[in-house]
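We just call them A, B, C and D in the order they show up, numbering each chain from 1.
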């Protein structure tokens, strides 16, 4: 299937799979392979925020980790600026590490408790042998102020335990931004924060994106924040992309029954949703479906015999809007 | 069922471990400076006897054949002749093993049980006078140097007060008397066991009490304890049914891990009290350069520790449903 | 009090544009940790006891200088050739050969510290390295190293050393130290490995990887400072177990005959049949071994509390 | 008469670092069959309210003043033994982390049976078992899985089991402390729907506690907003959401991106919540408040009521 509609995308996922071999341990019945990603394809255009939305265990975080080479794919390929990231040589790898950064979910876990704010933020510069001591110090100072830790020198010598959750996440963003990357993976960057702080961080990401003409992969379980920040969105369910397209189009006109379910289930403060009956809860997110059909079939209100036989591929429905559902086939 | 698989896998692991220990022992004895013949033959033996033994242990053959023979001999239970007793080693060990098992197993069960019970109570009443005094007592006895404690106990209770025999496992006059029945004999053994048991108990009880106390304190902070309180359950039920089983899990683990350590203390206790067990035999044979006996009794102790470990593992699996299913 | 308080607030305030120094948090925060430690009376008792034993070890050089009859091994009092009770001449009495028990006791302290600290240091150094390597690199390296550690851990160390000494003869103090270290690293490496495993999946380690940090950088800059406190803690426990092994071995008669240790003193009193008649000789070495064990144990537990905030008592619990 | 009345409850925690002003003069009431929600950011004291009602506060907590009246009886004056009878029989709780709220070494069914037997002597073991299987069916769990252990359940199932447990003794009040926080959106929606249905069917009173305003909005008839240990706004959910009186409530509502309506830039509340060791003088919200004036800095605002049943603790409520 051809998903290319941008001549030079920044990131391309081509049929990427990730299978964790089932480990036989003493304590689990194990032995079954866990399919985290099943032939996932999408591309991220230069300068956009691309959101990946899914429930826990859907494989959304795996996508981000594969992209920054924290893990290796077991099938398919990932291209960054046209070159395969699994074939990078040592020197290319170092350059890649400078261009691609990541922001992690839990600000309480993503900062080394033994290092001060300065030590944490300066580390990438040290690794990449960037500038003199003085230049590094100035760089750290300016990036800290940019993420809203002002005056920066007040924070230089603080340890993570002396910071609030929001401040920690700002430090984590500063660490990612200090090498001026082209591309940032933000893995649920706000889900551990309080609501008022969440909005601050989201706004900050939007500002940074503008200022540095960044490209972002925004991973989240929350459709509403995906809508708030992203230009395009992919909805992933049990390792497979169910729907993919411009964010507003997906939210306003969801094509896949799963997306519809997600939108309907999302609680909202402004509109008090009525109670709708929902099909049975996901039984086991972590094991490959045993049948051949669509992985959503068991919960799908629109399920047909065809769905139970063979899973639908992503299908181009309208203007860059794709869905993996027979409802929209031709 | 998975428990069976678990036990099977652990048994195989333990067998492999034992095999490695056996091999290391072989390497140790063969690579040691000096003539390997000296390790197997008694200086007082006649030349024919030496030749016979050399042949039996394949000392005239290449190393790998010697090793195979060593393993084969082990499987057949052929450990050679003790230099000291001039009897087959296996006969001696057959006599010693049950005596070690009796003393050591009784002591282990006693102190583990007492430690878990007391730790539970102390954590529950933390900060009270009972907690402070028993914790302190446990801490002190736990740090007592075992041989010294044994000597002191003998000095006070056997020598000065004369309540218990100085040493040995039985009184010959009772056992040689055809009149005495099994009860009298049993009580006699018990009488001899009191002091060695007390030594092992006192030096181990404190450690388990303190570990149980601290894991119990941690368990009491768990959410399910809050649930139990919120459910309005009686305090005793919360303590015994909800907190203690969870808190005991790490204690059982540490029991398994420290068995090897405890058997050291067991050997010293046996030596001091002349308890005719494996540990004493090992110390004794090493002092007398009785190599065949030393080697075999060491292997048997290692096997004993490994099997005890397996039993502890099974108990653990029984206590923790996350392993069972 | 006030000046110390003043210094503390001063140091916690960021100094503007001062050049940041690298450092390890727990070292820099020694002062704060010391305050937590000091609030633990048992830990303080342990430290005081340790200081006493340290003094004893230092003082052990003095008696032979006063008079050669006070030499712990070779000093024989010309007028005494048997065990006698305490007197002005021999504060704690003499042993069966008329040697001074007090100076033996002082030397015992020195030997205990030497053995305990050097064996524990070696064991902890090996254990930390092995544990970090196994935990960080995982896979085959991990499996092999940890199987090895498992085997060592199920061996009764004392009895293995007994067997060893039956093969190679008497072990010198330093051989003994090395052998003890070879037995004791296993437990340490298990703990350090577990800690490393849990650390190496922490997002901050992953963040360092994403930033392009090398394995060496991650191991030594990010993991080591986080496991060192634990290693240090295990050292205090390792010291006791090394002292105890040596003492037990000496007690059973397999010690280094060229030195005197507390375990050996107990062996002499037991083997020469003095245990029922010479309490002045039986009591001191046992008390010393027990107390030094106790003091390291107390210090270890107090350190555990410093390093592990979860164990800290809530100050105002009812 | 209200089922539950909390009257100017003030709770402090004594810690090594100093006194934490966890709750300051918190008052609200809850009627029979009603669902009331308390919303607030982490550390605002909402869980302390729940624990105070259950009388399960940490040992270092001190209730300085206030009353907690359940059917007119002050729970704070009850002894431990009396309180034990109130717990679960009268007031039960759905806990925050379903993962840890069930004891891992006991079967799920047994943990519920135990609660029934502890409170109702008239039940035999078998009858209690039967009741548990009814409860399982009620909350949408397969009664055949009663004999499973907690680790064999998924997150959603555990949460359902906890709800079943909370209903075991037919309490008149159920406190749900972050009942769905760890769950996925779809499962969260199901659980909330389930609880709504149970509330209707069993005529339950529910006290919801959550950091997520949208969950409270979804589940409650009335809601209260907590900030830094104080209840700053209380009123019918519809009113609070559509016409908030307190600037904090308004700021909070502006912090949530929405799936519906036009896309607007969020206007989050600047700054961070204060630490409760040294709460700000005057109104606790004034350092972050866009409308703060001199009086807000100097004196603690009173509780004002602009409309029937809609209160705010503010000097200058919505003009």
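Methods note: a residue touches a chain if its C-beta (ideal position, glycine included) is under 8 Å from a C-beta of that chain, and two chains touch if they have at least 3 such contacts.
Being a predicted model, the structure only gives us computed values, none of them experimental.
Asker: Could you say which chain's mean Cα position falls nearest to the mean Cα position of the entire protein shown?
Answerer: Of the chains present, the most centrally placed is C.
Asker: Tell me which of A-D and A-C has more C-beta pairs in contact.
Answerer: The greater number of contacts lies at A-D.
Asker: Averaging over Cα atoms per chain, report the distance between chain A and chain D in Å.
Answerer: The separation of the two C-alpha centroids amounts to 32 Å.
Asker: List the centre-to-centre spacing of chain A and chain C in whole Å, with centres computed as mean CA coordinates.
Answerer: Those two chain centres are 49 Å apart.
Asker: If you average the CA atoms of chain B and of chain C, how many Å lie between those two points?
Answerer: Comparing mean C-alpha positions, chain C is 25 Å from chain B.
Asker: Averaged over CA atoms, how far is the centre of chain A from the centre of chain B? Could you give it in whole Å?
Answerer: 55
Asker: Where in chain D do residues touch at least two different other chains?
Answerer: none
Asker: Tell me, which residues of chain C touch at least two other chains?
Answerer: In chain C, residues 317-318 touch at least two other chains, as defined above.
Asker: Return the residues of chain A touching two or more other chains; collapse runs of consecutive numbers into ranges.
Answerer: Residue numbers touching two or more other chains: none in chain A.
Asker: Show me the residue ranges of chain B that touch chain C in the complex, using the header's touch definition.
Answerer: Interface residues on the chain B side: 17, 20-21, 25, 28-29, 32-33, 39, 127, 139-140, 142-149, 151-152, 154-155, 159, 214, 218, 257, 259-261, 263-264, 267-268, 271-272, 279, 282-283, 285-287, 289, 291, 294-295, 298, 301-302, 305-306, 309.
Asker: Any idea which chain C residues touch chain A in the complex?
Answerer: So the residues of chain C touching chain A come out as 14-17, 19-20, 22, 24-26, 202-204, 206-214, 217, 221-222, 225-226.
Asker: What residues of chain A sit close enough to touch chain C in their complex?
Answerer: My answer: residues 68, 70, 93-94, 97-98, 100-102, 104-106, 109-116, 118-119, 122-124, 127-128, 133, 137, 153-159, 172, 175, 179.
Asker: Which residues of chain D touch chain B in their complex?
Answerer: Residue positions touching the partner: 54, 56, 83-89, 92-93, 95-97, 100-107, 114-115, 118-119, 149, 151-152, 165.
Asker: Where on chain D is chain A touching in the complex?
Answerer: Checking each residue of chain D against chain A gives 41-42, 154, 156-157, 184-190, 192-193, 196-197, 211-215, 217-218, 237-238, 241, 251-261, 263, 265-270, 272-273.
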